[in-house]
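See the structures that follow.
Here subunit A shows up in two complexes: once beside subunit B, once beside subunit C.
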Partner chain A sequence: MTRYIVRRLLGAIPTLFIVSILIYAILLAAPGGPTARFAQNPHITPQSLAAFEHRWGLDQPWYIQYCRWVGVCNPNGQGLGVFVSDHGIPNLLPGIIGGGDNGVLHLDFGYSSTTGAPVSDVISERVPRTAILAGCALVLWLLLAFITGMLAAVRRYTKIDTAITLFNYIGYSFPTFWLGLLLIIIFVMQLGWFPAGGMWNVRTVPIFGTGAYWSYAASQPLAALGDLAWHLTLPVITLVAVSVAGDSRFVRAAMIDALREDYVRTARAKGVPERRVIYRHALRNALLPVVTNMGLELPFLFTGAIATETVFSWPGMGRLFYEATSNYDYPVLMGILVITAVLVIGANLLADIIYAVVDPRISYG
Partner chain B sequence: MKQKADLAVYQEETPRVGPPTDPDVLLDVRNLQTHFHVMDGTVKAVDGVDFSLKRGETLGIVGESGCGKSVTALTIMQLLDMPPGEIVGGEIWFEGRDLLTLAPEQIRKIRGADMAMIFQEPMTSLNPVFTIGDQISEAIILHQHVGKKEAMTRAIASLRAVGINAPERRVKQYPHEMSGGIRQRVMIAMALSCNPQLIIADEPTTALDVTIQAQILELIKKIQADSGAALLLITHDLAVVAETVQNVAVMYAGRVVEAGPVEDVLLRPQHPYTLGLLNSIPALHKRGRKLDVIKGVVPNPFRMPPGCKFEPRCPYAWEVCRRSEPDMMDTPGRKSRSRCFLHAAEGAARRYEFEKAAVATVTAGLPEAQA
Partner chain C sequence: MDESTAAPEVRVVESPAALEQLLAEHPDYDVQLESLNQWQLAWRRFKRHRMAMVGSAMFLTMVAVGIFGPMIWSYNYYNVPLPDQFVHAGRPPMLSPFHPFGETMLLQRDVFTLVVNGIRLSLLIGVLATVIATTIGTFIGSVAGYFGGFLDTVLMRIVDALLSLPLLFLILVFSRFLGAGSWVTVTLIFALFGWMSIARLVRSVVLSLREADWVDAARAAGVSDMRIIFRHVLPNALSPIIVAASLSVAGVIIGEAFVSFLGYGVNPSTPTLGNILSGAQDALTEGNWWWAFFPGMAIVIIVMGINFMGDGLQDALDPRAKI
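Right, the complex of A and B next:
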């Protein structure tokens, strides 16, 4: 198993390399460019624009730009010396042994072109916030998907199944942003039960993630948790309502397939109680396709809650992506895309590992 | 007079009420009717099946695909999907109880413990995600209320009983690590594990290689003899029936058309359908000839013939066969019973031709049956 994981991780390197080129190429081909946000500004002269481009290396050929971003090239080097770090060894080696310190390879994603903060700081500040939202949604979503999917499968072609199916189709057809707005209109504007957005009450609670927040949370844990839950409710409902539908159908289909298998009949022929037939014999087999599907969905929950985070002003990764796009903040955009790629590859690996745990027929030699 | 005779027949055919009087009878199936409600209508897959099986006896049910033999087995085990299946009528007396009147929970306690089933497809009948030991001991834990360890010991013992080498190692293996023959042995061990009174084997050798088929058949015969359980063997293979069972019931279109001791049915067939089946067995002496087949096809389940169900394909049929359906009738000088008007008074004149053909078929050689 360990060998398999190491092999898969090594195999991820060429994938990430290709992904990084694609990300670079797509953003290069996209209209606008890093200087687009200055275009409407009358105070910016062509001279200062040129200085900006030189400062960020935008006057270099695209391959040098790419290599600097990745970390193969040293921005201080000239000619062939671009591949050599300031300490005289290949730039792509880790900084700690004298390699370069720039580029994605060295966990340097550059600086946000809007705030000037390091991209890694900008992103790492957002990750726990998205993780809280995504984590809550994921737990609820899996729970609901399994409960409704299995119920529909066991009671297939009955009224319960039809009701769940109908509910799923309605949920599935809601666009996230629209459902979010609808919830805001009902529960915020009309009823006033929940806040319209944000992650904490700005008047009573310090900024999430700061030292002040943690000392507040330590002194008043219930108030802090309650405030968080209060803000979480609507975005979690939005995320779950839309996502649960597809997976519920998926669980249902996998369960119906499993319940039709010969070994389920064998289990019944042995006199196994029906509950045990469903939860032990059928569910264990139905998990296989479901695990694969969820491995593919997982990363998009963490990075792709763009609409939900934007509608509810949730200060997470999705909203950061939206903001970076609107502000032509290329370094942040590229950082998020690279992290997304890493998450997708990681989640796939995780799904494959779970797969091997669930199914003895799969062995990773 | 006529009316009185009809009444007598009627009384004889009415299902007896109450358990079988003979205490040796383990399984008594009476007028069993299992229908499937599908989009196009109702399929009467099993339409009035009667047979009984004594303790320790072996009975084969034969018939071509779709004649209702597997559905009969699944109905006895109550493993049908309902809906679309529905047990419309009949009685299944097993050890003094009518299974059709029991609650699902009571049936569940009988399944696996008192009656066990061996299925056709060993490749798919075992759960791929559990070890063999887990799957065999599950039934033992359920029915015999013993601990995990003891159940595993018994599972190993039953694997040894079906001739599996190194059972201590096998119990830790998964189904995909075994061949089809071994898996079928595992299925048999599983069926045996709780010492059932009745073993139902539904085409147990059909999915196996010919060489393995003989081994598995021998094994089933051996464990049946050793355990003293009754065996209900469902198959389409007359050779398997000839080698394995004492009694045989031939099914056609959801009914038993001929039943009796295996040597009577196979060597002195009393129903044109049985004769047709025997005729269509390829044999050495038929080399170079076109294979005899039963002409026509199984009737469409939605448009069953009004009279005898076999009438459209029967070379001996006449008007009465189109009008009404025969009951099971005794046959002169034989222990077997046949659902054919040839054995009624009005068919006596035509019987000679049929018997001539039957004798010709059997004497021409049926090596499997005679062996």
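Right, the complex of A and C next:
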């Protein structure tokens, strides 16, 4: 077992390496680049441009730049010493024990080219906002997927099953951004029940995440929560409606497979009540593939909100990515891509390992 | 008329039960068996799949609208006539032969013209990108699965790496880099990032078939590797490839619509269902809902048709299924 886990962990390293190269290649291939903004400036002399390039290591060959970006190389090192940190141990080790402090491995993603703030700050400011949206959607959608999927499986080939299947097909076919537009047409423009976008009422509530917001939330918790819920409703409905369909079909398929098993027939033959057969015998076994599948979807929930966030101007990660794309803000783009890739690979690993641990039928060698 | 030269009446029945019923009514009929190949059997199963037939009808209708709509409809996409009456928000849909889907805000363009032209290009992009992606994916997947070893490891690591980045993010970034581009560029971007899941699928099928006796037999007979892959192994992987490709058309159409909606996809000089939506969100505040509604509805109908069809194909092409 331990050997299996270790092997899977080691197996993820080449994938991460290729991902980092891909992301870095995107940056290299991108038009513009860090010095593009000086091109039209008459006060920038070639000397100061050269000094700028030297300061940020742009005069180095691309593999040294990549190595520094990843955090394996120390920008202060010379020759083979680039691999050694200022404290004399390998640079890729964590900063606390004397390793380097530069590069992705040390959570240093550089500085946003639009605001100049560290990328890690820019991203971490957005994370809780997306987490709120995605978390609410996830809970609702899992609940709905299980209820509808199980209902359809247990009452297979009845009218309920057909209705749920049809609903799933329709949900599956809706482009997320267009569903958002439809909801805005109906609930904002026609009925006026909800705001068209944003995360807080800009006239009465301070910016989310700031100290002012928290003191406001502490003094008027109900108003703050109500305002948040009011802004959350439409984006959450959008996310849930388009996401529940796939999972509901998956739950249905897994449940039907489980209900076909011999042990279910045995249980029924013994006279176990139908409720108990469904919940104790079938559901528990159907749970395994379903949970694994959902684990794989989690990282994409984080980023998959991009359509919802842009339509509803929700100031989260997805919208940040969109804004960074618009502004050619490469450090932010790369930061988000790296974090997403790590999340996806991590979720894949975790799903595989959990599967192997939980299901005794799976042999791992 | 001489009875012996007249063609005999032929009835085709598709199931034993129907045959029995027919024989009960006409006991004097001769019975002949007709053998069907795999495709004929699949077509027969597909015909019986009600959802699949409805889906095909939806999809083919949209294809027909995309092909013939711009030819027949009275307005040309590239020719924007002055409206006879200026209304800032555009006029709503009306039951007249002029603007059945209403007009857009500001330019007061005929939404129906936009939709029929958009359907044409959106479908073209979806199908072309899928064809290219499926070709790349099939080639890489079969090479990786058949030869195995180091080549397989490297190729699959690249697939893993590409799949761990959200597709939409990559496409957004590349569309932005290459400029709000021609539809050819956008198609190529979607093809370039759409082959990975097909490659994985083909690899898994090839991997399971590579050890089959008939592959050994072909190899012993001196058949070249490429011929074994493309003539002997791949035809067996055709059904899952067809199903995956048909569903991928839907994915590309939605993806392209979103990227173009944001303004980074296809240049508005060539209409797709996405870029004609890109101004529609601002028009909502003016009460103009029809501009956003009709192009989106076209996407939904196309995608739903494809999804129904894909499901029917999956059932029809399953060799284990009964007739």
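The rule is short, and it goes like this: the second predicted complex is superposed on the first by the 280 of 365 C-alpha atoms of A that agree within 3 Å, B and C clash if a C-alpha of one lies under 4 Å from a C-alpha of the other, contacts with A are read in each partner's own complex, and residues count from 1 in each chain.
The rule is short, and it goes like this: a residue touches a chain if its C-beta (ideal position, glycine included) is under 8 Å from a C-beta of that chain, and two chains touch if they have at least 3 such contacts.
A quick note: this is a predicted structure, and the numbers were derived from the prediction, not measured.
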Fit or clash - subunit C, subunit B, common subunit A: fit
Partner chain in contact with A:V272 - subunit B first, subunit C second, else both or neither: first
Touched partner set for A:A153, first subunit B, second subunit C, both or neither: neither
Of subunit C and subunit B, partner touching more subunit A residues: C
First, second, both or neither for A:R284, with subunit B first and subunit C second: first
First (subunit B), second (subunit C), both or neither touched by A:V236: neither
First, second, both or neither for A:E261, with subunit B first and subunit C second: first
Superposition-derived minimum Cα distance between subunit C and subunit B (Å): 6
Those residues of subunit A which subunit B touches in one complex and subunit C touches in the other: none
Contact footprint of subunit A on subunit B as seen in their complex: 77, 79, 104, 108-113, 116-117, 119, 121, 124-131, 138-139, 142-143, 174, 176, 187, 190
Parts of subunit A lying in touch with subunit B, wherever the complex brings them together: 261-263, 265-274, 281, 284-285, 358-361
For the subunit C and subunit A complex, residues of the former touching the latter: 157-158, 160-166, 168-169, 172-173, 176-177, 250, 254, 257-258, 261-262, 264, 277, 280-281, 284-285, 287, 289, 292-293, 296, 299-300, 303-304, 307-308
Of subunit A, residues touching subunit C in the complex: 14-15, 18-19, 22-23, 26, 29-31, 169-170, 172-178, 181-182, 184-185, 188-189, 196, 300, 303-304, 306-307, 310-311, 321-322, 325-326, 328, 333, 336-337, 340-341, 344-345, 348
